[in-house]
Structures are given as structure tokens and as C-alpha cells.
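Have a look at the structure below before the remarks.
Each chain carries a letter (A, B, C and D) given by its place in the written order, and its residues are counted from 1.
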Amino acid sequence: MTLTPERQRDLLRQMWLIRAFEEKAENLYAQGKIHGTMHLSIGMEASAVGAVAALQPDDYILSTHRGHGHCIAKGADLDRMMAEFMGKETGYCRGRGGSMHIADVAGGNLGANGVVAGGIPIAVGVGLSQKMQGTGRVCLCFFGDGAANSGPFHEALNMAAIWTLPVVFVCENNQYAMSYPASKAFAIPRISDRAAGYGMPGETVDGNDLNAVYAAVSRAVERARAGEGPSLVENVTYRWRGHSKSDANRYRSREEIEAWKEKDPIARFERWLAQAISLSEPDARAVEQAAYAAIEAAVAFADASPEPDLAAIEEGVYA
Amino acid sequence: MTLTPERQRDLLRQMWLIRAFEEKAENLYAQGKIHGTMHLSIGMEASAVGAVAALQPDDYILSTHRGHGHCIAKGADLDRMMAEFMGKETGYCRGRGGSMHIADVAGGNLGANGVVAGGIPIAVGVGLSQKMQGTGRVCLCFFGDGAANSGPFHEALNMAAIWTLPVVFVCENNQYAMSYPASKAFAIPRISDRAAGYGMPGETVDGNDLNAVYAAVSRAVERARAGEGPSLVENVTYRWRGHSKSDANRYRSREEIEAWKEKDPIARFERWLAQAISLSEPDARAVEQAAYAAIEAAVAFADASPEPDLAAIEEGVYA
Amino acid sequence: MRELSYLEAIREALQQEMRRDPRVFVIGEDVGVYGGAFGVTRGLVEEFGEQRIIDTPISELGIAGAITGAALTGMRPVGEIMFMDFTTLAIEQLVNQAAKIRFMFGGTATVPFVLRCPAGSGTGAAAQHSQSLENWFVHVPGLKVVMPSTPYDAKGLLLAAIRDDNPVIFVEQKLLYKTRGPVPEEDYTVPLGKADIKRAGRDLTIVATGVMVARALEAAEQLAREGIEVEVVDPRTLKPLDAELIIQSVSKTGRVLIVHEAARTGGYGGELAAIIAESEAFDYLDAPIVRLAGRDMPIPYNRTLEYHTVPQVENIVEAARQLAQGRV
Amino acid sequence: MRELSYLEAIREALQQEMRRDPRVFVIGEDVGVYGGAFGVTRGLVEEFGEQRIIDTPISELGIAGAITGAALTGMRPVGEIMFMDFTTLAIEQLVNQAAKIRFMFGGTATVPFVLRCPAGSGTGAAAQHSQSLENWFVHVPGLKVVMPSTPYDAKGLLLAAIRDDNPVIFVEQKLLYKTRGPVPEEDYTVPLGKADIKRAGRDLTIVATGVMVARALEAAEQLAREGIEVEVVDPRTLKPLDAELIIQSVSKTGRVLIVHEAARTGGYGGELAAIIAESEAFDYLDAPIVRLAGRDMPIPYNRTLEYHTVPQVENIVEAARQLAQGRV
């Protein structure tokens, strides 16, 4: 459960990749090169990276509309990801899915989801199938604070619990569901307190502290893999950007946003790495710059990629 | 909150009416005079009667597929109820609803429900509307142990809690959802423990003890009426009959059923009344006999009632 | 006459009716300070307060239950499901409860609510945020289904829907939100169940719904230059349908093209085709009935693919031209 | 040939396929020791154990998610929703997830499951336990919809459905569960997308689905005595539909009566009518297309009312007789 220095460096790299990817995507959207909508997780990178770090490569994840971080942490090819954002044939979904539907089934990413809580019931099936097939794999299911008030959350957590499925439920509590604050949406202080109602362990951690996320999710993954059933981990974090591309931030204050920017999970992990593995400032900047460069390369790839063939429009509806 | 002797006698009468009504309905079903299906609550009378006793006449209830007891406790006219069972025009629903849909909107019974948990989200709306209109009325919503694992339960309890609505959720835990035992369906010992996940009080009581049910629900009703929000009360009880008319009882033992028959809520309340208000045995039998007689009268009424007019078949779809 | 956008027309209807009738309230996700995902309810919470413009958790079924229970006990709620795609989560309450309560209860209750559902593709939001599911609701006895195509109709139909004593599914067209048109300031209703001839013509009838009405009108404009006179009929209320007007129009023109955005198979076009093929208009039909509808596929993200997934003006022109062949 | 009931045929298909393919499992409410609400899965848990015959809490959406996730990762689940009415609770997963995953993911995944849904009225179970919602699913690209009318078809279609790589909604007819017919013991499939002429005739085509097939056949028997020769076509798979066979039949007879139990408006009959009215069969039609369907109302509890809410043999006879007028 302790990470080697190489691995820790790699997690920093992943966080920077997420930040760089999303900043670029935002930029391309403003330029009109990406259309539709997108949900940025800038400020939440430690939650995605810390959680997925607790998995083995062949474990599964289920992601959300705010899923770029999960996807990158699960090892997505940035070229294919960026190509998907631009709706290109070389994208993960051949341009059919876009930001909200990126999946990499071969890589264990069973998909982002445009439906809030849409992936949670699927996690039950994935867990059940792992248990039936005896694969030893774990399914990690991400969702937001908003999703925790939906019916599907309830049915799924209960089913996973009574069948002791190898599922880890990770609630990324960024304190808002669109404009609706968790403080109004819940009459309880911690979402993880709901775990008790399903007979599973629940834990709330500082979601901006990669190490805390990693530790909590690792415990949950171990438990799942040992056949002891699911857990609920709540990562308390914050999104710096608006909910989606059409958010005027009317529901929160500039001060609040600024205060949370002070808690930048990347800077925090860098500070910790400086101590823990003596990561130098130039080393850190090299990681950062490499990330931004990788994203530029992905954009070049996507730019050069072909559009889907209109003649193939109806392909892939049925197997 | 203490009941007068007259009121206590009346509650005994209600329990006997439920028992007599359901025994008769069962009988008429066997004779082919009632068709479809029905779900009997014999053995669970204290839960219905004790809970509704905590309400004012103009409060609302929402009931379930196993709702005859709730309906009678809410003061239903037995003639119209029996007529509905026989599909007659004089029935509560003009013969359109049958056992699973009896409603008496004017009397505050907003309906049985053929959908498990179907009434729970409606309770939110009823509670909201009471709060908005300032009526001071409370909505008591019945459902089973099975319903507590459905998504609608979750969404509704949360909404009622965050909006501090005047709703009392009464879970009649008769330990089975059809054949599925609560011991398998939940990884927690008490369903009322889920209340904590919504920030509302939860309490589990012996559902065969009318006084215990009455006391717990009264506390919840008071709280609701005082504007302090919803509560969850779990009445642990047992159904003596099969789930519905097509149940072979393959999932439980004869011994278990017999053991619960020993805990007959009516006999228990009679024993208590013998002590508390010196109800004599002849008095008790008189109550019982009057109940059976009332049901016979209801059957006579229903028998004599006309069938719906076929020409009016499409009436009542739209207002 | 003053012009408003489709979105503003809806907002004005809500506003006017809430001022007039204290039983009306708005409930849905982010309808308050956010103003709704598309801005329809913007400003309402400032006027009516959080008691009447109610933000909810992400609980679509809970919203449906809340409006059902409130309507059953004296209120006239207007719910919003942020995207019609998410009515899938609420549909148990809509179909098994709200739609059936009146009938099941022997006519002793009413459930007067409106559920607003922004629908349709064209925004790049892909398969789970672009569906047109109106025919599901049309298929449910006890529900009414309204689908306005202009700002004028939107306001008038919404006022009529709120005042109707039945549960009404109000299908809004996302792509029309910003389109503008004349809208009277005063209170008026467009009665449910009345279709509208949006353009008169003699050669061919196009029955189009929602966003397709504007496309059909544009197509008609082009075809008129070729000498083909198209009559464009907008049902406005899908259920109850004003079959009579459609049958009249088809009996007159002898040719009919049905256009909707929803996937072709199992869609509302089938209902329209059947109503025509069963009616006296059948004897006047000079050519087979033609449906032009969304392809039987999920809405893709890619712009070009998305564009070609549902009928566009040029597709309507082409289909209508072909259908009119031999006629003019 | 050996006879089995429709119910036994379904059970035998499950049993044989579970023996053959370890990836197949059954999941639903009370499918284990209880044997399912209608007894379809009775005995299976004794043979296959609780690991493969899985009882669930009352969580329809959870069931839909479970089969979706399991299908996505290598299994071939067969789910059961106890009454089709309760697919309303599961439909988000079916429609937004299972149906679209393959397309949304660019063709990189399959979701091979079957969801069994007992449907229909006639059991006195009233409005919330009697619906026929098949056209909802027909309207969803990515789903297939099967609706067998005989024990033979039920077994063969279920085997084909389980082996299909797409999500299949399998609509079972409660009223047919006890009807008997010849069913081979061996493994065989009835291919999805192939309609069946259940009775050949020259005067009139009846296209009927599910329980209406038997009623149409009985009506045809009666009409034959009057000299009216009815052809009865059973689509068997509603989606993908074998349109060709239907069009051929109607082209031959020139008259078509469409019969289904589901509520008329917005139902599958519209789709059938449109397919015929759009096709070359249009030119052969000697009379308007006629739909005979369930009334646009919830199913009532009262026996007589319930009976008269959906088409019965005598209604089919009468409608067909009228339609054949002038023909014979």
C-alpha cells in the first residue's frame, strides 16, 4: 500500500495531465473546436488519481459526466481522448460519444455517463460478474454528491452490500450538484454516513489530499478483493470551474472559489513530494511541462484525424 | 396521547373489523365472488390500527397493496369497500380499482397502491402541499420492508427530510417481501437505522403491540405537526397468510408461521385491555361478533349492488 | 405585436399564472437561482421566493411524486425534468400513478400538474441528452401531451395546460428556445386538442411536430418557388389529437408527409399515419403516406453525424418534392 | 410432438441454455424458491443453485443495472421484471444505458442480455399490473423486442434472444402461460426478425401480436365458416420487424386488420399501419387500414369492464367481417 517514489511521481504526472487536458479542452471549446458541453474537474484531480491509484490495471472503473480525470487516471490514451472531444473517427467512441461518454472497455474504463448516478447500478452488475467469474477484479464506481440522493444509488448500494460484491463506491463530494449545495440537499453532515444504512463501511476523507484518498480507497479495494464486500468512500473536494459550459456561478461566491483554489490538490501533493521524496522544484515543473506538451501532441493528433464517414452513420447501433 | 377507554375499545373493534373483513374476502375469493388477487394483512392489525390512531381525522394516509387494514383504520365505509372488492358500481372506485386501489380521498385515504413504494414519493407531494397551504395536516405513509430497498424510498425520505415536511413514514416490516426475507434483503438489523442517513429520527417497535405502535407513531406525528419534519417508524410484525392468493409458502416454515400466530396482536391487545380497562371476556366477544356481523352486512350490500354500466366504460380517464 | 423568444414566452406564462393562482408553483432541479439548465425559470425565484420556486435534489422520481401528491391535495404544480431523457427515472410515478389515479379511484380525484420536459437534439449533447420521447407519453391513457412549436403557442398552451385538470406532459424544444415570434402580453390560452394550419396549401400536407414545424415551413417556402404548394399542419397537442383537421387537410391535398424528430420506429408518426390510413382521407390518398423521422439510432456527438440523424430542411424538401411528383 | 405449456417452454429454454452456457444466469424478484410470480422459473434454483438463480430486493432499476453491468463484462444474464408495468422503474438503465452503450462507445462493447416481462391484462389485477408497453421499447434504437404467441415460438425465440449480442426485451403473455402446444425437446431457435404466417388466407390479412394471435386464429376459424379466408400474420419479433412478410401478405389480400392489446393511441399498431401505408402494399389496399386495439384507458378491475377494454374474439370477427365486405 505504500507507493514507490516512481509511482508517486507518476501520480503527480497524472494530475498535471488532467489539469492540462481540461484547460486545453476549455480553450478549444472557446475556439469552437469542441462543441456540446463538458464538465471540468479542475481542482478535483487528487480524488480521481488517488482513487484509481488504489486499483490494479485490470480492475474496472465506472465514471461520470465529470469523468476526464477518472479516464486519464485509468490510463487512457490522450490522443484518442482528445480526438473524441473533437468528434473524430480516431476517438475512443469514433466521435459518437464525446466528453460525456468516453469509455475504454479494453482498458477497464466502462464509461463516463451522461446520466447522474447512471453508472452506479451498472457497478452492481460488474461486481456480480466478477464474483461469478472469480476474476478477483474490483469495480470502482465514481459519482457525485448529487448522485447520492438518487434512487439508483440506494438500490445499488444495498444490492452490492447484501451480495458482498467487490465494488468500491467513491462519492466525489464537490459540494454542489449543479447549483444545489450539498448543505441543502442533505440533512446530514457526511454522505459517507449513509453507508451504515447498507451495512458497509463508510469513510470521509479530504479529497484534495491524494494520500488520504489513496489510503482510504486502498482499504476499500483490499476489502472488496478479499471478498468482504463494498465500501463507500467520500472525497470532499471542490470544482473550480462552473458546473458545465453554461454556468454563470450565481449560486456561490467568488470568495468561496478563491478559498478553494488555495487548496489546490496538485500544489499540495507537490509540497508533500518535496518532503517525502525530495522532489525538486525543477523536477516538478518538468512534470508539469511534459503534461502540457503531451496534451499539445494529443491536439495535433486529433486535429489531423479524419471525421467519421457519413456513410457509416448507422453503424454500431446493434451488434 | 393517552387514549380514553372508549377509544381503546374502538381500536379493538377496528382490529376485529380488519380480521373479519379479510377472512371474509378470502372466503369470497375462494367462492369466486372476488377475483384478481389480494394481499391479506391478517396478523398485522396492530400496525395499521395503532399507527392511524395517532392521526387526526383530517390527516392523510397513503397505503399499499396490503392496505385493507389501513383503509379500515382510516374509517372506510365497509359497504363501499366490500362493494369495491366485488367490482360493483357502489364501491369506492366504482369497481374500477379493486383491492389494490381502494382510495377514499374525501376521507383522507389517498389510496392503496399496486406498485411497491409507489405511494412514498407521493407522500412528499402531500407533505409539501400541507406545508405550503399551512393546513397543519400530517401525511402518514405506509410501506413494507421490501419497499425500503427501492429507489423511490430513498429519494422521498431525503426530500421530506431536507424540506422538513409533515410526513410520517411507517415501514411495516413483516419480514418478507413476497418470498425474499428481510434478513437477506438488508445487511443491517433494523430498517429504522436508515433514518440516520436522512437526518430524521428512526425507531423500531414491536408491531404486534398496538400500544407501542401508537406511542411511536404519535411521537412522530407530533413532531411532524410541530414543523420539525419527518420520522421513520418501523413496525416489526408478520403476515399469517401467503403473500397473495398465489403463494405456496415455500420460503418459510410452518413452525415459523405458528410461532407468530402465538403473537396475535388482537389477542394481545385484548389481554392488555382486560387489565387496563377491565374489558371483560363477554365484552371482547361482543366486539368481535359485531365486527363479523358488520362484514356480513357489507357483503349483503355489495351483493345487492349493481355492476358498473358497460356504456360508461371509458368514463373517468380524464377530468 | 411584441416579440418574445419561445423561452421567454414560457417564462411569462409561468409568471403570469403564478401571480394569478397561488396554487401554482414550480419545482425541479436548479430552477431557482440557476434559472434552470436552459434559463427558462431565470428570475422567478427573485419574484416568488424559494417557497414557490423549489430547487430539488437529483431525484426525478421524487419530483414526479411531489407534483402528483401536491396536485392530489389542492395544488397545481409545474414540474421540470431537466432533460426529457431523464423522465425515464420518473416515469413510474407519471404512468402508474398520476395518469391512472383518476380512473383507478373511480373518478374521485384529479391530478392537475404540468411536467415540462426540454427535448430534442442539435446541441451536441449526445445520446443521453437529446431524446424525443413524446410518443411514450402519448401511449399512456390519462396523460395529455403538448408540444408547442412557436412562442405564441408555447405561452398559450402552457397556460391552458396549467389550468387543465389532468397531468400534462409539456414537451419543450431546446432548439426553439431562442427563436422569436409575436406573443401577446395579456393572458390567453391555446386550447389543448386544437391543431393549427401553419401554412395553407393545396398540393401536399405536411404534418410536423415541434422543431420540425419551422423546418417544414422553410421547406414549404422553397417548394413554393418550384410551384409546389404545401400545407403545414401542426398538431400542437399530440394527445388529445385534433384528428379532424389533419384528416380534412389530407382529404384536400391527397398526399401527406409526416415529419418528426423522434426515432422513426414506434414513434408518433405511426399514430398519425394510422389515423390517416383509417380515416375517410384514405379514399383521397393519391400516394402512399410518407414518414420522415429521426433515424433509428442514438443521437451521436459528432456535429455532422448529429445533423444527419434527424430531418433537416433539405430532407423535407426532397421528400415533399418526390411525394408531390405527378401532382404538379 | 410433445406438448408443453408456454410457461414450460420458457422454462425449458432457460434450463437448456443454462446447462449449455455457464455465462447465462437468471436474476429477478422471487425467481428462486418462489419460482417467479407466475411460476416460470420454478425448479431452476434446485438445479442451478442460488449463485445462478438470483433473488433480488425490490429494486427494478437495480436489476436492470445488474444485467447491464454483467452483460458488459462477459456474462449473458436473463433478468425478470415481475410485471411489465414495473419496467417503468427500470427504464432509465434499459434505455439510456443498455440500449445506447454499444453505439455511444463507438461499437467497442456489447450488452447481451434478455429481460423477461410478463405483460397484459385479463387477470383481474387492474391498472398497475396489466399493461402492454412493448411499443415504448420498440421506439428505442439499440433494443430488440420479442413477443411470442405460442409455446413453440416462446422456446425458440428465447434461445435466440439469449444468444443475441444485443439487449432484448422479451414480452411474455400472462394469459398464454398455461396454453399448450407442440415444443421440440431439442435445442432450436426461432430467429429474431422473422414473422410467421400462422394461418394462410386470401381475403384479408390480420396482423396480430402476442395473445391476440390466438384470438385472431379463433376469429379466422369462425369467419372461414362464413366463407371469409383470413391470413393471420404474427410478427413474433416486433423489432427488428419482418416488414417484408407483412407487406407481401397485405399486397396479396388487399385488406389489413391490425390487432393488439396495448392501448390504441401511440401503440405498435401505428407503426404497422405506417409501414404498410408507406409500402408498395399501399397500391393494393382496397380499403382503409383498420386497427383494433385496447381502449385508451387504464385496465379496470371489474371483470366485465376488463374484458371489454381489450379486443376479444368477437370484436375481431366483427371488425374483420366489416373490412371484408365487398370482398366476398
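Odds and ends about this structure:
Here, a contact is a pair of C-beta atoms (placed from the backbone, for glycine too) under 8 Å apart; a residue touches a chain by one contact, two chains touch by 3 or more.
Everything quoted here is computed from the prediction, not taken from an experiment.
Comparing the CA-atom centres of all chains against that of chain D, the greatest distance is found for A. Here the CA centre of chain B is 40 Å from the CA centre of chain C. For the pair chain B and chain D, the distance between mean C-alpha positions equals 36 Å.
Chain C and chain D, compared by their mean Cα positions, are separated by 30 Å.
Each of the following residues of chain A touches two or more other chains: 93, 95-97, 101, 113-115, 118, 149-152, 155, 158, 162, 184-185, 317. Shared interface positions of chain D, defined as residues touching 2 or more other chains, are 56-57, 59, 61-62, 85-86, 89, 92, 96, 103-104, 126-128, 141-142, 295-298, 300. Contacts between chains leave no pair untouched here, as each chain touches all the others.
Contact residues on chain B toward chain A in their complex (touch as defined above): 149-155, 158, 161-162, 184-188, 193-194, 196-200, 229.
Only residues 29-30, 32-35, 37, 55-62, 85-86, 89, 123-129, 295-298, 300-305, 308-309 of chain D touch chain B when the two sit together in their complex. On the chain B side of its complex with chain C, the touching residues are 60, 91-97, 101, 103, 105-106, 110-111, 113-115, 118, 120-130, 132-133, 139, 151-152, 155-156, 158-159, 162, 315-319. The touching residues of chain C, counted against chain B in their complex, run 25, 51-52, 54, 56-57, 59, 61-62, 64-75, 77, 92-93, 96-97, 101-110, 112, 141-142, 144, 164-166. Within the complex, the chain D residues that touch chain C are 85-86, 88-89, 91-92, 95-96, 99-100, 103-104, 126-128, 133, 135-142, 239, 241, 258, 262-263, 265-274, 276-279, 282-283, 285, 287-291, 295-298, 300.
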